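Here's the structure, in structure tokens; my notes come after.
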Amino acid sequence: MRLDLDDWEREALERLDPMAGDYYRSGARSEATLAENRAAFARVRLRHRVLVDVSQRSTATTLLGHRVPFPVVVAPTAFHKLAHPEGEAATARGTPTLFTLSTLSNTAIEEVVPAAGCPVLFQLYVYKDRGACRALVDRVVAAGAKAIVLTADAAILGMRKRDVRNRFRLPPGLAMPNVSGAQLGTAATDSALATWVRDSLDPSLGWRGLEWLAGIAGVPIVLKGVVRGDDARRAVEHGVAAVQVSNHGGRQLDGGIATLDALPDVAEAADGRCEVWLDGGVRSGTDVLKALARGANAVAVGRPALWGLTLGGAEGVSEVLELLRAELDEAMALAGCPDLASIDASLLA
Amino acid sequence: MRLDLDDWEREALERLDPMAGDYYRSGARSEATLAENRAAFARVRLRHRVLVDVSQRSTATTLLGHRVPFPVVVAPTAFHKLAHPEGEAATARGTPTLFTLSTLSNTAIEEVVPAAGCPVLFQLYVYKDRGACRALVDRVVAAGAKAIVLTADAAILGMRKRDVRNRFRLPPGLAMPNVSGAQLGTAATDSALATWVRDSLDPSLGWRGLEWLAGIAGVPIVLKGVVRGDDARRAVEHGVAAVQVSNHGGRQLDGGIATLDALPDVAEAADGRCEVWLDGGVRSGTDVLKALARGANAVAVGRPALWGLTLGGAEGVSEVLELLRAELDEAMALAGCPDLASIDASLLA
Amino acid sequence: MRLDLDDWEREALERLDPMAGDYYRSGARSEATLAENRAAFARVRLRHRVLVDVSQRSTATTLLGHRVPFPVVVAPTAFHKLAHPEGEAATARGTPTLFTLSTLSNTAIEEVVPAAGCPVLFQLYVYKDRGACRALVDRVVAAGAKAIVLTADAAILGMRKRDVRNRFRLPPGLAMPNVSGAQLGTAATDSALATWVRDSLDPSLGWRGLEWLAGIAGVPIVLKGVVRGDDARRAVEHGVAAVQVSNHGGRQLDGGIATLDALPDVAEAADGRCEVWLDGGVRSGTDVLKALARGANAVAVGRPALWGLTLGGAEGVSEVLELLRAELDEAMALAGCPDLASIDASLLA
Amino acid sequence: MRLDLDDWEREALERLDPMAGDYYRSGARSEATLAENRAAFARVRLRHRVLVDVSQRSTATTLLGHRVPFPVVVAPTAFHKLAHPEGEAATARGTPTLFTLSTLSNTAIEEVVPAAGCPVLFQLYVYKDRGACRALVDRVVAAGAKAIVLTADAAILGMRKRDVRNRFRLPPGLAMPNVSGAQLGTAATDSALATWVRDSLDPSLGWRGLEWLAGIAGVPIVLKGVVRGDDARRAVEHGVAAVQVSNHGGRQLDGGIATLDALPDVAEAADGRCEVWLDGGVRSGTDVLKALARGANAVAVGRPALWGLTLGGAEGVSEVLELLRAELDEAMALAGCPDLASIDASLLA
């Protein structure tokens, strides 16, 4: 019986090929940030309200103009076919809110969008080759991507010890169809992914790069990887639709601040002028409630969707997200919050 | 030799049927709040006074107008016949202060009040069916209940993993005689109790519901489940006799603030205009002293009474409460406090 | 090789009869205060000075008018013959500073004073029978006691679980010769010591009792057990020569503040008008330095002297105290403090 | 595969003779400061910047007028021939930044300077015999030492339990050629090193001693061992080129403040008037970034160089330092810092 996301994680890691499981679970270097993301949630204490009429509850909200039944979206993660043969198409099909497809997917966006049960966003790494990058943006928008989620915390790839020890590589047969010509599979002395990032992505991006992207995208932009108020303020000035407080699931800068601890500074800077999303360490409906109380409009989950995909394909993804929805609904009922608008900082001790 | 409540708990859990023991001991979900209630007591440090004449000590006080020998009352807990065949009648008989009978008792209030060695209060869940609820209130007051303890933190039932895994249900032969027609016993796929709560109780209660109850009860009302000053202030305005700082023993909202940490805010808001009780994590006379120093008029214990009932029936309950009284008396002697009035915040580091 | 007091403790506990070892080592109830006393020292961080001339160092000071080679005195502890057949006479002989004889010693003060290598103080519990108490004070002063150390934190005896479980009692042949007629030895159902305290000592003492004692003693009075500034201020007004910040080695009120954490408040209140001593958790020369930096004039050690006595009689006591002196001297050299006057709060982070 | 310095340490300790490994790894007494140095780094959380152009990165800086490729120098540690037969000559050869030779080296400075791949500094203990000390200073400057690093936190030697238990001594054949006539090798009852320090070094040094040294040295002076702002201010007034925040790797005063925690006070006092270096607990490039963000101009590593030397001679030293450089470069890229000037306190949570 899987009663919470820890149960799903434990079981999924037993099922997965160790190299894939390690790739999904690992964090950068000492994994301090990975652990800190969750520890930050555990430190928060809630002060529930009593005698609020919670007989009619709604977890629904609007994100980027899309009505979603609850404020938990799927964060971009790479290589879903390591988890399940149907890969990202299945994950998208199982998602009832918003699904973010990674540049590093094993499934082409043209296959994912029609399969999806919800709007699909596209996570973008900007290539050194801007022509190729523009072609990719045009392609994904044409394919139906509703927003570009620009990853801003990966100028280079963070080092994950498990991947280096495992000499992580994609098994034969898995490709990266969003990336023309790219193929990970033969690195011998280091993480093949790190090599690809070093060779292909543009560490000189800058705010100029964001302007360039905004000029060509024609869809809203979510800036992912922000943990500072000053960066959030600048992002607002650049017209982003949302900032996503993220440290890449603890996979980039080791020793980074927990996203939940970075959230208040970012939310204050955004000041309602753009949406604020958060990923990193969300493992229960109570966590969602805590993030919303600290100022997030939505949270994103990456690994949990992968555990669902591993254990049950699209159905598993759906079960995992439904678990989070139900837990959030329960936490709201117990906290005295009939809807998302009633969740405020007074809930926090 | 049982020297403290930990000894009682350990031995009782060995004696109890595992399903019953799990039901009594468990907290919501990750059990973070369950643990935090006790951790909050452990964090407090006392500053004793010296050279106070403590040769004549009194732990006595008045609660809801009733003289009690010490400020430790029995909190409402469900299903005492899981612990002992005499059930709530025995618990009430062993209590020398105030006993709170749960709506979810295995013994009818008409049987409990005559058996009790002290005033009996009645814990109320408000039903969707207000007529049935009013009938219940009339019945318990007629039976001699001296106050209604309105549970305000259970709009829905918190999820306890042990109960779900155990498919918790009442064994054949145990009934809920305060609840006309209710019978827990045949749930197959989930906690039977959760189902009952969902079907029967009213999550739309609200402050209006409290007004309604106050209008019909004719006895003092204790509002149980308050952890915020604003709620306490509103409760005072609604004329409650007491607020009970409680998170339902860590069984409802996981991640909730420890009751001891919520206490100062509530006590300040109450400002002497109503009594302030606290339950959650009280396991020694020193804990009682700490709660009183932070502003409580009384504490309530739930599980400890069940351990006493399990191991010795009415006599066991009596021994457990006497242990707390003796420990409180000892702590007061050592802290330089001859009576409850001398316990103040200066004792806290 | 015994390199620090932990080595001494470990070895002594292996050597001692378990009932005696438990009596010496134990703290009240959960032993939270016992642990906290040491934890408070571990939390303090030192900021050493550089380029101070520490070629000539002195740890000497004056306590109660007596010149001592270093500011570590022996705290009163009961029943030294449980550790060594020579008992308190040996402990006193091995002490180069000040030795405090407990009322509950196995050796008469008339035997201890001549054997001692230093001034002897007498720790007093005030009896209900004031005539007997006055006779005892007259007797110990006549025998040469240089001060009365009045224990103020033992209105009743704190409960120590180990002693209750062991049914602690003195073995045949050991007496309490400072206490006329008293004999612990035959308790069957509880700690014999708790019984004796309950029957004999005066919990109504009060500040009046201190006045009475000051009027009859004719020697300086040290008030032991103070953890609050207000009590220290009042003690100064009553003319005490010193207050001893103490929680009775964590053996009385469980959950009490660490003595090191109580020290600043007491030292500020004393403001140089009386000496401030501290006991509780001192286990190294660095601990002594920390206590002095927080405002103590001296520290007292109880258990460490017993470990020395257990393992080497008077010589062992001497070795233990010499170890603390050498460690303090080393810590002062490394902290840039040539003498006690140069130890100030700027050493504390 | 050695992915981080913990891997190097683990493997080196397996390779080393236990007496040597203990000598290198150990800290004073309880080793609280040793542990705290690392814990302080673990407590710091970083707030990365996004969308900074980090395509061109530089870790280079100037220290004491010398251009170095990255701000990690080698701290002085004693007795490198315990790790490798080539000793300090190999360590210096493997160092691409600045190498600090210890007074207590097994290799003469005349041999080290020509072998070194970088400028060599000389760590000085001032002897009681000032003539001998002056001769040593003249000798090392003549040999090419570019600065004197004056150790100011070793008026006496801190006690390390492992060394005392091991009766630490140099094996036959290893000498201290910077110290005329000195030979450690035959101590029977205590650490031979402690004896040598007690007999030879001058604990009366003082600020006068620094003035004397500055007058004769003719090269810049780094004052090592400073953990207080007042001492740093005085050092600036005495014209030092740098202060090195250090607690001697946790080997002197047990219970001392972590160097990272002492850094802000020192950096504020220095206020750019001298360089600020830090050693103690630096074990990763992220640690370097944290120290720089708190105000250090450079960090020094001692033990890590020894692990490199143990496992690979000069090449091993080089690999260890290159690992730190690469990690720092990675951390800067991920934190949004293209160069050292862009590292500021806003990176710290």
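Letters A, B, C and D mark the chains in the order given here, with residues in each chain numbered from 1 onward.
To be clear about the criterion, a residue touches a chain if its C-beta (ideal position, glycine included) is under 8 Å from a C-beta of that chain, and two chains touch if they have at least 3 such contacts.
Keep in mind it's a predicted model, so treat the numbers as computed, not measured.
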- Interface residue identity across copies chain A, chain B - same or different by half: different
- Task: Between chain B and chain D, tell me the centre distance in angstrom, where each centre is the average of that chain's C-alpha atoms.
- Result: 60
- Rounded to the nearest Å, the gap separating the Cα centres of chain A and chain D is 42
- Query: Touch graph of the chains shown: is it line, ring, star, complete or other?
  - Reply: ring
- Listed in rising order, chain B residues that touch chain C in their complex are 1, 3-4, 42, 44-56, 284, 286, 290, 330-331, 333-336, 346, 349
- Item | Complex contacts: residues of chain C adjacent to chain B | 29-30, 32, 36, 152-153, 155-156, 158-159, 161, 164-165, 202-207, 209-210, 223, 225-228, 230-231, 234, 247, 252-258, 261-262
